[in-house]
Structures are given as structure tokens and as C-alpha cells.
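In this document, chain identifiers A, B and C correspond to the written order of the chains, with residue numbering beginning at 1 in each.
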Amino acid sequence: MRIWLLVLITLALTLLALAAGRNWLDPVSLMQGLMSGPDGAGRMIWALRLPRVIVGLVAGLGFGMAGAVFQSLLRNPLASPDVIGLTQCAAFGAVAALLSGAPPMLGAWTGGLLAILLLGWLASHPREGLAPRALVLQGLGLAILASAATEALILRAGDGNASMAMAWLSGTLNGAGWPEARRALWLLPLMLPLIAALRVLDRLELGDDMARALGLRVGLLRAALGLNAALLAAVAVALCGPLGFVALAAGPVARWFSGGRPDPLAAGLVGAAFVTFADLLARSIAPAALLPTGLYTALIGAPLLIFVVRQQARRDTI
Amino acid sequence: MPFDVQDLTLRLGDTTVLNGISCRLPTRGITGIIGENGCGKTTLLRCLAGVLRPASGRVQHAGSDIAALSPKARARRIAMLPQSALAPAGLTVRQLVARGRTPWLRPFQPMSRADHAAVARALSDVGLNDLAARPLDSLSGGQRQRAWIALVLAQDTDTVLLDEPLNFLDLPHQTELVHLLRRLATDRSVVMILHDLTIAARICDHVLALKAGRLVASGPPAEVLTAAPLRATFGIEFDCLSLPGSGKPVVLPQGL
Amino acid sequence: MQAQSSILADTTVAIAQRLGAFWLLVLLAFVAALCLGAQDYAPRLLWQILRGYDVSNPAQAIVVEMRLPRALAAIVVGAALAVAGLMMQSLARNPLADPGLTGVNAGAALAVVAGLWLTGPLSAGGTAALALTGAGAAALVVRALAGQGDSTLRLPLAGAAFASLCMAVVAFVVLLNPEARNIYRFWMVGSLAIASGDGLIRLAPVALLGIAIAVMVARQVETLMLGDELGAALGVNAGRVMSLGLGAITCCAGAAVAIAGPVGFIGLIAPHIARRVAAGSGLTATVLLACPLGAIITLLADTAGRRLVRPAEMPLGIVLAMVGAPMFMWLVRRILRGAA
């Protein structure tokens, strides 16, 4: 039951993240602080650390699930939303919305959906349909383009300070409070269909015709799951920016915990643990520097990307 | 009468892949589909399985139009093993075969005792009981093919469609698989695409010959695997003999 | 025989004409880069400066002290990256190779930033040495990462993976040092904002050396592009040409990164236009044409970046990414559709 091991790891990291900070808490005072409620001795935990940890957990769940679903639907471990440019486009949309006074959530959704449509058109082949390797490479171009456009947008807005650009290009939990945490809970309904999709994803991995012969409505399911995962990733971006490499890393790591199956819940838990761990680093290595959490996810995740590319190159699948 | 096909036509883009095919297939035994590459064999099989919608015409299975069936209901009657099937990494044989129970499972419910029994039956049918816990990647080509066939058997349908199941197997493995298919065909209908006319002649009870999307001939091997229909199907001349004893046909391309 | 040599002479003349036209365009772009910016000046000001530079005149001082070294740096960086990209594409037989996309620039940036972190401020020579080492090492690493095989799409993917790791470390190192924050964007996307005449004087010769090597080995590289075996049969020493080619790439990319940070896409855009203009008249001509093209693109992109978001400025790397990324996507689409 490796999945319980995963739950345990996530829980332990969560508690550690609550205890960590400028002044570390020992287990007893952490528990006392949590028990005493928002107005008691644990005011600092309740006001500052808890919402931040909740936002990190939910965003990690969202990125992890969306990543695993994309990787499974496209049968390519590189096809996660942060590699194929979806999160970058969502970030662009969120920033554009923010600057024009519209709700960032709406902008992120629009950006994410546009990215999907654009990639579908760019990577489709007249005869062979959607070419997975093309999708990844076109997504790479799209990611660069969207990041550059986001930065240009921030610069154009005038008050373009470096930290806003940094936060929106790499993702951060700095400044996440209860309003963000409450907004984060809206993500949960988007996760339920993906958790339930375990069996469908598993059958789709046998190939389209095989899945159809087993009685699945392949086209409909693929479109619905892809759309759902894209929305989830976009909402997570609107929450804390495109935390890089979480979606990419969660799928392959979760497969180990779930015995090789494409389990979105396991991937979500891996993502949540990953983000919590990265934020723990961000708050304990150089707390004064206020470095974005996305920097640490990138530092940990980039070697994994290299590993996956190397593995795929060996198998000649890219 | 599992399949009653009426005037089946299918276009992909500008090309007509299937053109006015009408035939009836027997309830038991093996039906072979033969023809050149690109003549529409796989497309016909996919239409029979209901995974592809024809432009016009009807495919009826045991009296009901398969286009009107829900995908799940259809998958409980007809199983298909496509050539494009992919084996996810790390799956064991038993896990793979269990995927065949999909149309019988209810949402959010684990496999029932009946499901497990069906998987065990399928595994023993193909003789893979001892290897059930092994990862699929560690099996030989012949064993792997039997595992895939066990998957469609676990689906528990009275009709099984196979796309070139004998490809890439050496002679002993081909023979072994042919024995298995013959045995399976005693109580269900097996429809498969075949390349080797010698094997088609020996194991089929019924043969469909396609040429450029049209049905050229349909009937028992003794009728279809003769000089004139084969010439119409492949465009070359064949020497047709009959085997002493069983009287089954043997065909050889001339000039080979 | 005579007809053939006259055809050759004709192509040489045609290439020379195009080369002359391109350098004329470089001059125009250069003048534009000097005149336009946060504040626009009439070209008459340049004429006045040429007649006698007056330090006390603020407009003249801005042009001479700030815009002149920057425009010269743009020319050097553009030419160097264009040649580096062209050599990469030829040696790897891959139209998608570019020092930015393949992680070579990121490797150079990482080496320089690591040096800054470990030893404090660097001299121009030290920067150049580190950038060259980083560029060369990155080229070898990415080559090994992509492995052998004929998939065109694998090299940029391996490069992107390697680049993302390098950039993550660069970002981390730069941001840990609060004083270094103002150079964060420089090291992340590349910019000419801090180009100085001093550094340029030391780094430009390195870039020129790289370009010279590229021009020298171009013909042999061309033969090698027919395949290693056929190249060997035609008397080309594959190992030697490969090392010289890698040397040219390292010099060009290293110098460019030391001046302007890890800017991408010049090495993708310029060679593709150069190949079209050269119209099959050989790699030597293409290298020569790529130099002014890279310079024009960089000058225009930098000038645009200074004007688009006045009074702030858009880093060179951002402007180039917005032009280059769509071009990259267009190339991938063409390759997939079997045009290349």
C-alpha cells in the first residue's frame, strides 16, 4: 500500500511546513498552537502559515493531477502542462486580466484554453493526427513565447517591478493568505472528476481502438478530461503562478507509488508534497531573500526533466 | 447469425475505403478476411467491432444494429484485438487480462468474484496460468500475443475480432496459436485478418476476400480459395491443389 | 569549362552584391540605434559629433557614452550568435539548432554566474574565459544528452531540458545575493543594457576569432554534411573539423553571452534568412551573409526594446523571443509536414 506511504509523507511535510519559519516550533507548541484556534496562542500559525500551506497543498494537488492526466492522455511523460506551455499561457492570461481589471481566474482559463487550441492546430499532422513529439516541441516554443509576452506585458504596465515579473514567471506562495486559501478551495470540485478517471485513463493507455473495443467513448472522454485538466492547471496558475516542473515531476513519481498505473490522486499527492517541500526550502534556506517557491521547484524538477528526456531518447520515442 | 452486414460504405477524406459490402457471417467457427495491403481489411474489422461508424449501410449483430447499442453494451457482445494495442510499461499478465473486464464493471466498483473468475478462465484458456504474475515485458512474443488474446477472452463475448494475430510469430508459435483459436471457435465466432493463405485454407470455416474496398468473394475456403476468386482478389495467378485426405485447399502463387 | 567558371564568377558577384547591401543595412540600423531610444534625436546630431564631440552637450554624451558602445555590442553579439547558430545547424545537421535553444548560452551564463558567486567581481578576461568554458562544456553535455540518432526534434528538447536546469541554478545564485538582483533579468533573458566599451574591446576579438575559424572550416563542414563516411572518402578529417567547428561555436557563443547574457533565437533566425539569400552557393557565403543579418536583427531588436516601453526598456532577449519563438514553431511545423 504505497499510496498510504505517500499520504504519510505529505502529512509529515505539511506539519513540518507549519513548524518551519523564522522561529521554528517544537511539535508540542505546534499542536498547542493549532488546537488553540485563530485567536489563541497560535495566532501566527493560523494567520500566516496555515493559509500559505493550504494554498501550496491545493496548488500542488492541482498541478500534479493535471500533469498526470495530460501525460497519460497524450501517452508522453514530457507532455505536462508546464512543458507544453499551457501554464505559461495561463500566466499570461492572468497577468493580462489583472492589468486590465478583469478577474485573473478568468484570464488564466482563457489563456489555458487558447494554448490547447493553438497546440492542437500546431501539432496536428494532415494524415497522422496529433503527433506527440511535435506537441512537446511546439509547446516548448509556446512556453518561451508566452513567458516573454508576460514579461513584456508587465514591463509595459509601467509599474513593472522585477518581483512581480519574477512571481508571475516562476510562481510563488509569498503573500498567500486566507483570501487565497479560500479561493484555493474552489479547485477541489475540479479535481473530483479527475480522481474518478483512474480507470478510464488506464484503459486509454491500451490504445484508442482497444479502449473503444472495451466500450469507452474515447473522443468524448479525452476531450472532457483534457479540458478538465487544463482548467485545473489554469486555476492553479491563477492562484500562485506557474510553479514550474511540479506537473512534470508528479506523474512519473506517482507511477512508482501506484504500481505503474496512471493514478491522478497519487500524482496530486506527489505534487502537493513537492510544493510543500519546495516552500519549506524557500522559507528556511534564505527567508530574508523572499525567493519565489517556483525557483526551488525548478531546481529540483529540472534534473528530472533531463532524466526523462534522456530516457525517452534512449527508447527512441522522441 | 452474429453478423449481418448490409451495403457497408465508408469514406476517409476523398477515398472510399469500403464500398457496398454485404455479407453474413456464421455463428461459430473461424472467419478469415484476406486481401492485399490497404484493401480495407482493418477498416472492415473496425466497422464490425463498432469502433468506426460507416458512412452508410448497417452492421447487425445477433439481430440488433450495433450503431444503436451503447458502447458498453456493444463491448459485452463483441471483443476486438487491434494491431495498434499498446502495452503500458510494468503491467503484469493478470493485470493486462483484467482490463478485458472493463465493459462488465460498474463505475467506482472493484472487480467482483465473477470478474476474477472470468480472468482466471481466460488465463487458463490460453495456458498462461503459471505466468500470470510476470510482467508483460518479460514474456516472449508468442506468450505476449496469448496474453492479449486472453484479454479479449476475459471480455466474455460470443464474437471475437482479431487483427492479424499471427503476425511476427515463428512457425511453432503460429501453430500453437492456431490450435488455441480453433479450440476457442468451437463455441464462439472468431473473425480475423490473415495474410497467409495456407493458414487461411487450413483453419477457416468461412473466408471473405476484399479488393479495393469491395467484397470479391465470400464463402467456405473450398469455394473462395480457388483460382478465379483469388485472381480477382490479388491480381495474380495461383496454383490450387487439394490436400489428400481432408480435401482442404492448398494455394500457391504461380511463378514463385 | 569557361561557361562554368563564368557561372561561378556570377554567383560570387551576386553574393558580394548582397553582402554589400546587407552591410549598408547594418549601417542604417546602426544610425537608427544611435538616434532612437528613450529620447529621439535627428541624425544631424551624429554629424555634429563627427565634426567635434562636445562632452558638455547631454544629447551628444548620451549618444557617445551610452548608445555607441551598446550599438557596437549589438553588432558583435548579433554576428557572433548568427555564426554560432549556423555552425551548430551545419555540424548537427539540424535546422533547429541555436545556441539559445540548445542550452549553450545557458551553460555559459551558469559558468559566469558561478564564477561571480565564488570569487566576486570578475575582470572582462575572466568573464570571457568562464563563458567560453561554460559554452564549450554545455555543447558537449547537450550533444551527449541528445545521443546519436536521426530525430531532428531531440536536440532542442535535450537543450531545453539542460537550459532549464542551468537557468534554475543561475536564478538561485543571482537572487541569493541581494546586490545582484538588478542583474537578474540580464542573466535570465539577456540584454545589452549593461554593455560597456571596456568589455567590448576585450571580447570582440574572441568573437572575431570564432567567426574567422567558421569561415575557414566552412567548406570542410559542408563536405562533412554529406555524412561522416563520404566526408572521409573526400579527404576531410572529421574529428579535426568537428573540433574546429565546436571551437568556433564556443568562441562566438561565449563572447556573446559575456557581453549580452543568454540571448536566444538570433542563431535561429539569421542563418535561415542567410541560407535563403545565399541560395545554395555554399556554406562560406552563408557564414559571411549571416554576420550582417545577425547584426541587423540584433540592432533592430535592441532599438525596438528601448522604444516599446519607454521610459523602461524591454530586454533584448524578450524582444527576440517574441519574434523567434513563432519562427521556431513555424519551422517545427514545416519539418513535421515533411518539407525538410
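Following the convention adopted for this analysis, a contact is a pair of C-beta atoms (placed from the backbone, for glycine too) under 8 Å apart; a residue touches a chain by one contact, two chains touch by 3 or more.
As the structure is a computational prediction, the values presented were derived from the model and not from experiment.
Student: Chains in contact with subunit B and with subunit C: which ones?
Tutor: In this structure, the chains that contact subunit C and also subunit B are A.
Student: From subunit A, which chain is the farthest off, judged by mean CA positions?
Tutor: Most distant chain from subunit A: B.
Student: Relative to the centroid of every protein C-alpha atom displayed, which chain's own C-alpha centroid is closest?
Tutor: Closest chain centre to the overall C-alpha centroid: A.
Student: If you average the CA atoms of subunit B and of subunit C, how many Å lie between those two points?
Tutor: It comes to 58 Å between the two C-alpha centres.
Student: So the centre of each chain is just the mean of its C-alpha atoms; given that, what is the distance between subunit A and subunit B in Å?
Tutor: Inter-chain centre distance comes to 43 Å.
Student: Taking the mean of the C-alpha atoms as each chain's centre, how many Å separate subunit A from subunit C?
Tutor: Here subunit A and subunit C have centroids separated by 34 Å.
Student: Can you tell me which residues of subunit B touch two or more of the remaining chains?
Tutor: Residues of subunit B touching two or more partner chains: there are none.
Student: Under the stated contact criterion, what part of subunit A meets subunit B in this complex?
Tutor: Listed in rising order, the residues are 75, 196, 199, 202-203, 205-210, 212-217, 255, 259-261.
Student: How about subunit A: which of its residues touch subunit C in the complex?
Tutor: 78, 122-123, 125-126, 131, 133-134, 136-138, 140-142, 144-145, 147-149, 151-152, 155-156, 158, 160, 162, 165-166, 170, 244-245, 286, 289, 291, 295, 298-299, 302-303, 305-306, 308-310, 313-314, 316, 318
Student: Going by the contact rule at the top, pick out the subunit C residues touching subunit A in the complex.
Tutor: Against subunit A, the touching part of subunit C is residues 145-147, 149, 151, 153-154, 156-158, 160-162, 164-165, 167-169, 171-172, 175-176, 178, 181-182, 184-185, 189, 264, 308-309, 312-315, 317-318, 321-322, 324-326, 328-329, 332-333, 336-337.
Student: Any idea which subunit B residues touch subunit A in the complex?
Tutor: Touch residues, subunit B against subunit A: 46, 49-51, 70-76, 78-82, 84-91, 99-100, 102-103, 105, 107-108, 152, 155, 161.
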